[in-house]
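Input: structures, listed below.
You will see two complexes here that share chain A, one where it goes with chain B and one where it goes with chain C.
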Partner chain A sequence: MAEIIIKNGFVVDPARKINGDVMDIAIKDDKIVEKVGSGAKEIDARGKVVMTGGVDIHAHVAGPKVNVGRLMRPEDKLFKSPNAQAPYRIESGFSIPSTFKTGYDYARMGYAFVMEAAMPPLHSPHVHEEIHDTPIIDQGALPVFANNWFVLEYLKNREIENSAAYTAWLLAATKGYGVKLVNPGGTAAWAWGLNCLTLNDPVPFFDITPAEIISGLMQTNEYLGLPHSIHIHQNSLGTPGNYEITLDSFRLAEGVKANNKFSRDSVMHSTHVQFHSYGGDSWRNFESKAKEVMDYINGQKNITVDLGCVTLDETTTMTADGPFEHHLNQLNHLKWANTDVELETAAGVVPYVYDKDIKVCGIQWAIGLELGLYAKDPMRTFITTDHPNAGPFIRYPRIIKWLMSKKAREETLESMKYTDKVIDATNIHSLDTERTLYEIAQMTRAGPAKALGLSHIFGSLAPGMEANVVVYDLNFNDMPDDPEQIERAFLRSSNFIKSGDIVVKDGDIVSHGNKRTFWVNARVKENPQVIRDIHEKFLKEYTVGLGNYSVWDCLAPNPYVIDIDVEA
Partner chain B sequence: MPKWITQVGCPYCGSSCDDLEVLVSDDGKKVLETRNACVIGNEIFHHASNPNRPTRPRMRQEDGTVKEITYDEAIDYTAKALLKAKKPLIYGFGSTNCEGMSAVGRVAEKAGAVLDNCASICHGPSFLAIFDNGYPSCTLGEVKNRADVVLFWGCNPMHAHPRHTSRYSIFPRGFFTTKGNMQRTIICVDPRETDTAKLADIHLMIDQGHDYELFDAFRTVLRGHDIPDVVAGIKKEQILEAAGKMKNGRFVMIFYGMGCCHTDGRNHNVDIAISTTRDLNSHTKASIMAMRGHYNIAGPGQVWSWQFGFPYCVDLSRGTHAHMNPGETSSIDLAMRDEVDCFVNVGTDAGAHFPIEAVRHLKKHPFITVDPNICMASEISDLHIPVRIVGVEEPGVVYRMDNVPIQFKKVVDGPDGVLSDEELFDRVYERMCELTETEPIWILNRGHAHGSSTAEQ
Partner chain C sequence: MALVTLKPYKEPELYLECNNISPDAFAGKTAAEISELEVREGKTRVRLGDYFEVSGKPGDTAEQTEIHIAGDCSRIKYLGTKMTAGSIKVDGNADMYVGGWMKGGKIHVTGNVHSFCGIAMEGGEITVDGNAENYVGSAYRGDWRGMRGGTIRIRGNAGNDIGTFMLGGTIIIEKNAFIHVSTHAEGGCVVIKGDVEGRVGGQMVKGDIYVLGKIQYMLPGFKKIATVEKEIDGVSARFNHYIGDLGERHPRSKGKEIYANLFVMAS
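Right after this comes the complex of A and B.
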């Protein structure tokens, strides 16, 4: 590593309100600096767009359920894997790529950080083994909490302090980043083959409701002052008419204030809202409620969302929402994998084909984009596909294309078999909004970095920030008429510098860089009750010893640890 | 003072027990005593101190004798043999850690080898069924805490997984199963009266090779249709009784073994077993699990799935793609067709497990064994490279039969100078890079990558 200067590019850096100014970006070692010496390596970005590295707030890229998907779907590799790029590692798979392909493809798209969206704590060594084998990109992982027996018992008794002590312990034990909720209570019910479909369905045995779990974990999160807010996948995902439950859970955040030292304003991150913005009462009268959902978000400043856009591909759904995957399997009758995890969570995996010639899929596609177009604050609305659930992450450039070009949207809409029915059930056809590069940078960089509490290192090109700089072959002042060129440019960057290493050149990998694992170490006052509870549950109910549970340091050999002292 | 080390993982069967206690001598070099281990697990820990254990690579000489050589020479021989071969086969991995499997993945890619593991001759049919039908499963703690109906189909854990029934499946008292075995109905499907069958409430002594029909009968009954008076040698009343128990159970668990996936029907038996589990989920909660044999045989299926997308039979000989086609790229089939021109046997005993015809073909070319112990494969090898014993002398991540990762510690130091699988294969890779004048490709800067050797205890 040394000095690099990226010259004469159109810099788009919303964190500093820079919109297409022609500037040089200077790098020394792994940081962006004001200026460098004359010996710095020059990269010519004339006529191209320069942004900071992308930040993905939600993708399933490492861990047991991702790997079940890889294992059970050889058809996802056949004729779908590109040739290996010598001398680098073989790349396998389309919707659930191998760890090598995951790292390479994110780097080619100019992404620097990716958050693994759901880590079952018992399987955390597996998640970290995969993260270790994913080259280039920095990663963190969110352990799942909302169906964990400890959490359910503490929150039933309204013991926020105990819940916080346990949360801090589990984050350190699993080297986790934040608090993930998946189908609060519903997944715990699934252990008996049941579900919680509304916020007031009691969880079997535990006698607590999803609403109480959500509120309790929100309080726990702010008690600890974690960098990220709670990250929630709400109840009743993927069901017609579920938008009301979505709004009900949003309302739980009303009046809650963010407490942290990471300049995060939000207290709830609602993930893949596309799956939660459905109207109608059956698939027959299924319709978009994107406007209703986004109207609420626009007025509620302490919530962030990511889209979860359907990309109309054959993909692999996977979620800790075990009952949903069983339900989905009853719909499509393809293969079904399930893993219930003792005391903690569950997961399911089902392949799925989002066929543009199926009406429902067309409407789902429209809902994702409508949410992205209705959003008034791109700093709180992030582009995702809930990879690989609504589509693989390599489709982010296609979503950017659809958001930036009405022409591209209309082309896709018209290619559908049931264009008229999709138009009837949605508003996509009447929306003329076209997102700008500035807004795209907010939705993929500055916004998610802020929501994750990482805006001090990611999401901007200001001096002092991490040296993640990507050059896209797009002329800011003369954007292409053909929307396909937008997708192509974002898919394979001209140059990507990750933490000061040049890792991509002309869309090809040129270095493995030096990836890091991000995790949060929250120190709380010693809590004898929680320690006793942990020992007791491991003695009686777990089948793995407490001494073998915490992830070894060597599994995350290049860590970036965020220390929080809760007492201070 | 000798020291007791607790919560030690056991490198024997797929139960991967991690509650062993091991008494280690003062100097940290010898295992004196173990607690909680079954007889076989106990033996593995004591075996490490066997004075006759090989501690240097042994190369076969022209007169048939073996001579000790240095690790450098062994690494050079292995690297050259792999580079020279057109279709090397690297097989085994029942008994090593994931760090070793990962290091082998890098070597295999460089060599253009076929990577295969013991599933190829074991639970391979289960993978074929999973490709078609999925795998509704759970962790073993769910069985312990919830299962009230447990079915053992073509497996005999009382012998093959000695502590399985006491830790997970029949006897333990869990959160919702406070009465332990009193609360569980045990059904055993086996043509023999095994020791597991003797424990069962219902033993269905099935006609050998008629598993598919009995599964079919269960599905038919569960869907409310009539069945013949006798199916697969089992009377209708018995089938109805067992089906009734399953349908009325709160949590039904199906464990199956080689007796299901290696009798007539093979992957089709597993396929319909999975379908039966799916059907049961319309009535109650049900899960299924393969009784994997070794403590980390689930490991290569995991590691290679995330690295290459396939759990076994991974053909990397094209250089640009990973390709899997069991029957074409499976070890036995490759060997029987005499397509392999270099064979590396790692952490298993292909000499004992493969058909003699397959071994004869493999023996025509360089035959290398990497294993801590003397075994049939090591004794017919051109080169035997001893390594440290995982779980005893070498820490690392292993995957239990339910795919839960468990971090196994080491309890004693290995013999002086003996490498781990990971160190050995990393050095083979470096030697291959030297020989081909290429830069090694590591994931992280070197110094970070050696995980297991620095694992804290």
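Right after this comes the complex of A and C.
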């Protein structure tokens, strides 16, 4: 690493309100700087767009459920695994790519940071082993909390301080980044063969409701002052008519204030809202409620969302929402894997084909894009596919294309078998909005970086920031008429510099980079009750000893630790 | 039909993966261009001409192209992969994946074939004069979309896992088969003219199986409903008609459940 200068590109950097100005970006070692000497390596970006590296707030890219997907779907690799190019590793798989393909594909698209969206705490060593095996990109992982027996017991007794002490302990033990909630209470109920489909369904045995879990963990999160807000996959995912439950859970954030030193304003990140914006009461009269959901988000400034766009591909669904995967298997009769993770969570995996010639899939596709088009604040609305649940992450460029081009949306809509029925059940056909490059940079960079509390490192090209710079072959002043060119440009960047290291050149990988694992170490006052509870539960209930539970340091050999001192 | 002849002159040390031996890949090329086509030996890229002497000239389209391999292909995999038309004839044996993902045309192997013959086939005809190993006309590992059309005829014996996840088409085994016939099938027809050891039709949803010999161990999920006269592949006989697999889900049509049919020659 040394000095690099990226010259004469159209810089798009919403964090500094720069929109297409022709500028040079200077890099010294792993940071962006004001200027460099005349000996700096020059990269010519004339006529091309320059942005900071992408930040993905939600993708399932490492850990046991991803690996179960890989094991149970050898057909996902068939004819989709390019031969190895020396000196790089073989890449295999489509919806559940190998760790190497994951790193390479993200790098080709110019992504610098990816958050693994659901880490089962008991299996966190596996998550970190896979993260370590994924080259180039920086990663973090969110442990799941909302069905954890410790958390359910503390929150039932309204012991926020104890819940916070346990949360801090678990983040350190699993090298986790933040607080993930998946189907609060519902996954715990799945152990009894039940589910919690509304916010007031009591969780069996614990006698607590999803609403209490969500509010309790929101308070816990702000008590600790973590960089990221709670990150929630709401109850009743993927069910017609679920938008009202989605709105009910949003309302729990009303009046809650963000407490942190990371310039984060949100207190709730609601993930893959596409799956939570459904109207109707059956698949027959299934319709879009994207407008109702986004109208609320537009007015509620302390919530961020990501889209979870359906990309109309054959993919693999995987979630800690165990009961949902069972429900999905009953619909499509394909393969189903189900796992119970002791006191902590559960998971399921089912392949799924989003066929554009099925009406429901067409409507799902439209809902994801409508949410992206109705959003008034792109700084709070992020592009994802809930990889691989609604589609693989290598379709982000395609989503960008659809959001930026009405022509591209109409082409896809026209190619469906039930175009008229999809139009009747959605608003996509009447929406003329076309997102700009500036807004796309907000939705894929500045916005997610801020929501993760990482805006001091990622999401901007300001001097002092991490030297993540990507060059896309798009002319800011003369954007292509053919929307396919937008997708192609975002899929294979001209150049990508990750932490000062040139990792992609003309769309090809040229370095394995120097990836890091981000985790949060929140130091709280010693809490004897919580320590005693942990010892007791491990002795009585867990199948592993406490000494074998924590993630060893050697599994995350390049850590980036965010230390927080929590004042009591 | 324009004929191209491939004459093997060198035995590969490993196995050759020859996805490029198909009328589709040959059509419109000269013999010299065909010799230059890339094939793989292990992880090494080699030329077809390194192992075969190529003569003759193919037609302009796959349909007009006939390929004759004048020699044994025991170490050649993927003959006729994804071919859409034309024909391939092999004088001798062939290794795995003969006619895999094939859409049309004809393949004739005069010797034996190894496993995965006609895997995930969509159309066309495969005839094998000798025996086949396992996975005749089955789905690719993990896939739920198996053989969809076309005909596979094995004149000898076959091993296990015949027609797994089959959706359509016909497989005829003229002698005996081992275990696992039409597992998970949702269509298609498998005819076994000899005996089968067992596990016939496990988790089968729809489709037909005919066994002209004996099934040594019958699955408990099949129930006899009648004895019927049937004609199949030129043989007329009385068959015991079973339906199943009763342990599996079954679609409904006009208020009635649709089962898979198993016809076993009545003794």
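The rule is simple: the second predicted complex is superposed on the first by the 567 of 568 C-alpha atoms of A that agree within 3 Å, B and C clash if a C-alpha of one lies under 4 Å from a C-alpha of the other, contacts with A are read in each partner's own complex, and residues count from 1 in each chain.
The rule is short, and it goes like this: a residue touches a chain if its C-beta (ideal position, glycine included) is under 8 Å from a C-beta of that chain, and two chains touch if they have at least 3 such contacts.
Remember, predicted model here, so these are calculated numbers, not experimental data.
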Partner chain in contact with A:74 - chain B first, chain C second, else both or neither: both
First, second, both or neither for A:88, with chain B first and chain C second: first
Which superposed partner A:338 touches (first chain B, second chain C, both, neither): first
Contacts of A:193 with chain B and chain C, given as first, second, both or neither: first
Winner by number of chain A residues touched, once chain B and chain C are compared: B
Which superposed partner A:503 touches (first chain B, second chain C, both, neither): neither
Residues of chain A contacting chain B in one complex and chain C in the other: 72-74, 76, 334-335
Of all residues in chain A, those that touch chain B in their complex: 62, 64, 66-68, 70-74, 76-77, 81, 83-84, 87-90, 92-93, 96-100, 122-123, 125-126, 129-130, 132-133, 135, 191-193, 326, 329, 334-343, 346, 349-350, 512, 514-515, 540-548, 551-555, 557-558
Chain A residues within the chain C interface of the complex: 72-76, 78, 333-335
Of all residues in chain C, those that touch chain A in their complex: 140-144, 249
Chain A-facing residues of chain B, complex: 6-7, 9, 18-19, 98, 102, 109, 127, 130-142, 144-146, 167-168, 174-175, 250-251, 278, 281, 284-285, 287, 301-303, 305-311, 316, 319-322, 324, 397, 399, 403-409, 438-439, 441-445, 448-449, 451-452, 454-456
